[in-house]
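Presented below are the structures under discussion, each in the form of structure tokens.
After this come two complexes, each holding subunit A, first together with subunit B and then together with subunit C.
Right, the complex of A and B next:
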């Protein structure tokens, strides 16, 4: 017997999850489409559904000990209009879907859905976001790249819920999020590029790059980034071809209905090149 | 089944239903609010747009379980307001309605936009209505209509 439940508190949700498996529904903007059935019929769920979107205790954005902390059921449209939200995250949210979707969509949903094309994911990778998972046994914190392990795959346990997302507060002198899609609104990314640098007194203090939808998970290679920290801006720009070559083997996109491998790879590398030479 | 309480067009409702039901179907089939249209059924066209707590959402991808404790307004409820009169007359005067199927959603999205931003620029209007598809007008007349509503309804929002 399918039993869908609307819990009234996080504790109730955690107790239920500890008891038996549920599909967790936040805003539903991905799940309701993925499980869509015929017109005039409810979507098809084989699992019991736990409706957590209205848990007000998980709707917040605050600053705490060097982090911006975002509660998991906070709709992304709220983040778009909040001064605490990091610039790059706002850039990604601003071109995500449409206002109607953004009133329901959550960052936690992007994580739970674990699509390589999820718009906020490259930002979470570039900003070293920490995902806070809670269960009845307690809390564990994992960096985003350890939470998502493949397309639609993550390590969140059956009895856990994404409680919040912690983003370390950091400074960038230049940062960009570029999404390539079929149209501006309501489009799933063909690919995306995120770049962030902090250059002070002509010295590169921080250099971060991420690509979306060009590999099984968001692509970020810290070992490549670290090679270019400490250079002057001119030296960094002078090494643009070398940097492009460093990323080349890791960019392994697929052909699908939205785009093809060649286009995705060419555009991804061009966006990287353009980001560096226009610093 | 679960007990779900919400306000629908200013009236308190309590129903015992499957929370997986699409809000779109509940509004049309159980309450007869057929101004809420089904277009794409996957959240991309905005024909099923309604207001939840004054924000535009697409009711085809909202499960009933997500509206517990919320205030829902369909085009039928909104049509009783002065703001509706301003928006709908502006749409009529600018020729922003042709076949009409997108119009309830366009008006709902316009209301949601004007609520947050009473004096939107053309660009802000295009962003505000970016989730609503229209196959007839080419959008320019709709953008003009929202600008007109914003001027005519000065002080309402």
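Right, the complex of A and C next:
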């Protein structure tokens, strides 16, 4: 018989996790769908469930030493209404799922689910977020791109929990998150585009691009971005075709029940192009 | 009471808002068992061997061998089996039920079932015609021989899923004498009763059907529940227990009937001076694995082959094709949405081809009172489409927008569809197949019971019927009683389909109320009845498609404004305007509810709702993947109703249920066509398709 445990503290949760395998559940908005069973019968969990959503000590958003730090059980709806939340993250959350879902869904769950279509992920990639993993043995801090290794694959260990997400504070003169879903609300992304630049005194100080749902994990190529730092805005715009060509080979989407490869690729590159030429 | 159209509160508002309405899944009967359907996992082949696990006590399977009567679901065309026997013809075809008291045990047993098949190559293309119809009007042959130019296009439409909020569900109970009572989410209590009688080979008094509160249907609960109810009735007969079967969402989306995909080939003969001499059309619809209602769907499509236009010379043909896919069936509009999409696009495409303003061309051929219909019947009643079109153009600022949107760099478009919908059954169906009977009974307390089999599935019939009766008898609403239909108490007033309920059943109810008024004696029990009589002037030759296909038509104009993003090809709806002639609204707000919901369902069909069958399996089988519009996608909507009373409808009312859907797809497709400057031939007009059109389309 599967046991459902509601720990009352993070420590208790860590002890339990160290003791035996559990499935961690935060908001459950992915898990309850994935483990659904015939109505009026229990969901199909094969392992015990550790329900952490009630851990108040992990519900926070704060500023700390140059980072915005988000506790892992904070529902995304709370982030939407907090002044500390980075603009791009708010953009992504604002068109994620539906209001009811947003009161349960967490960023940690979006990471744990590791879907290439997870909407907060490209933002975490673009903002160089650090994921803080805790276990009874201590704390590991890993950049987001080292946590997620493939569709539904990550390096979080059986005895670890995502404690918090640390986002370095940074400034952008222009930034966009464009979600391309099947409709205007409550839709899984067919693809997404995130772009952020910081241009000061007509000089590109920072240039960051990420794509969602066009490859096995979120697509971000720092080596491409770096080539364009130091240009003037005009120069950057002048190189738009070159930039599009640089990203082209990395955009390798799939055909599925929501869209097709050609569309995903064309629109991803259109959005990149449009972002640059309208700077 | 004021004018009948003045809105009142729907009588089921409160029970639905506070959660006290009893839907089928709310029903439990002591000792009730559950049933789960075991289905084919291949598209075509023979069942070689079925290996069952050891069945615990009280668990059993129910299959075709348990059917006392005929193993066929009684609908118009009898080719749907209740349970597959030795072969299967589509993925998801029911083979047997597992029935027992505990769902968890049933789930465990299900995992241990093994069915071995001998697979055959399934057919997914339009090659096996099972029904062919054709008819002519005038002399299409000479029209095409004398044509200066022939314009031809093919139009393709996809599946559409009803996506009622409440999935299919039935509960069966059985008493000690073996009488079965089926309570469920269904549109047609007597279709179910007749189907179950045949399956059980039972006497009329041994089967009772009761409607539970229905959480949406849209045609999806027209013929489909006749399958599930017969299965459960057979199970109850075998086991002697009450049994419940509620479909899960994915099961519902994978195996229940949908709108038929279609391919419609249109040809127009054009003279030297740009007259349309005639049309030829060839319609193919995909029935799935059995015919069911598809022949009737096809005939409604064929009859709509000229939309609202009068074209003198016609040659029309069509086929129902069998494929090894889930059977398709009734869905609001019933063949008309496919055809009206094709006709409206075609009229615009002809206009472009011959360099005429589409509006002028359409006005020139717009049907007038007295004109001959596509089947050589007569439009007997006044047609007020000219006023309706003017009104729609005025409230939408159509002409100015046409000019503004044509400018370079503007990615907006405005599209206008004109359409009609025949009210009631096609042809003489009302008199030959249905022969509706209604009763009103006044009890000793002077309460008037409305005894009809019409089902309220959200469209407000429980309110509007009471309104008609209370107004005619001049009694308060709460002195009338309209319980959920129960075949032990109500006569067969026909199915709740085909936009017939207010016009036909409501018309009979109004006549019965007038009769009761004359016979009214205080505190006496009086029952009156009325049976449908076909109006004398309506003549229909079913064999040759000649005559009046419908007793009356409702008419409409939809205008849709869109913006298409040039970067992502996504469509944003900006505004929708509609003008309808439904004769007379029995309750204005109820009709507005139909109008808002209907148009969004029609527009969704036109630009959003993608459903594909991939290797015989439905690819979008949940609400995450099957995209219908949300309130965020829904733009501001403005609807105008224009009175044009129909003499035989109650207070002049005609059908309103389907009309509001059928014009949505062409209106949105035309708007997108204008926004992108490329001709649209397929629906839904998805961003993926728009991208393709912009790359390789025709101007």
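Basically, the second predicted complex is superposed on the first by the 278 of 279 C-alpha atoms of A that agree within 3 Å, B and C clash if a C-alpha of one lies under 4 Å from a C-alpha of the other, contacts with A are read in each partner's own complex, and residues count from 1 in each chain.
Quick note on the criterion: contacts are C-beta pairs under 8 Å (C-beta built on N, C-alpha and C of every residue); 3 or more make two chains touch, one makes a residue touch a chain.
These numbers were taken from a predicted model, which means no experiment stands behind them.
Q: In the overlaid three-chain picture, which partner chain does A:67 touch, first (subunit B) or second (subunit C), both, or neither?
A: Neither partner.
Q: Looking at the overlay, what does A:184 touch: subunit B (first), subunit C (second), both, or neither?
A: both
Q: Touching A:267, do we find subunit B (first), subunit C (second), both, or neither?
A: In the superposition, A:267 touches subunit C alone.
Q: Examine A:257 and indicate which partner it touches, taking first as subunit B and second as subunit C; both and neither are also allowed.
A: In the superposition, A:257 contacts subunit C only.
Q: Examine A:43 and indicate which partner it touches, taking first as subunit B and second as subunit C; both and neither are also allowed.
A: first
Q: For A:27 in the superposed arrangement: first (subunit B), second (subunit C), both or neither?
A: In the superposition, A:27 touches subunit B alone.
Q: Does subunit B (first) or subunit C (second) touch A:51, or do both, or does neither?
A: first
Q: Is A:100 contacted by the first partner subunit B, the second partner subunit C, both or neither?
A: A:100 sits against subunit B, while subunit C stays out of touch.
Q: Counting contacts the way the document defines them, which residues of subunit A are shared by the two interfaces, the one with subunit B and the one with subunit C?
A: Comparing the two interfaces on subunit A, one with subunit B and one with subunit C, the shared residues are 39-42, 98, 184-186.
Q: Name, in rising order, each residue of subunit A that touches subunit B in their complex.
A: These residues of subunit A touch subunit B: 4-6, 25, 27-29, 32-33, 36, 39-43, 45, 49, 51, 53-54, 77, 97-101, 103-104, 184-186.
Q: Can you check the complex and tell me which residues of subunit A touch subunit C?
A: Listed in rising order, the residues are 37-42, 98, 178, 180, 182-188, 257-260, 262-263, 266-267, 270-271, 274.
Q: Please name which positions on subunit C make contact with subunit A in the complex.
A: Residues 25, 36, 103-104, 106-107, 246, 248, 567-570, 572, 608, 610, 612, 619-620, 624-625, 627-633, 687-688, 691 of subunit C touch subunit A in their complex.
Q: With touch defined as at the start, can you tell me which subunit B residues reach subunit A in the complex?
A: 2, 4, 18-22, 25, 29, 38, 41-44, 46, 49, 52, 55-58, 60-63, 65-66, 68-70, 109, 112-113, 127-128, 130-132
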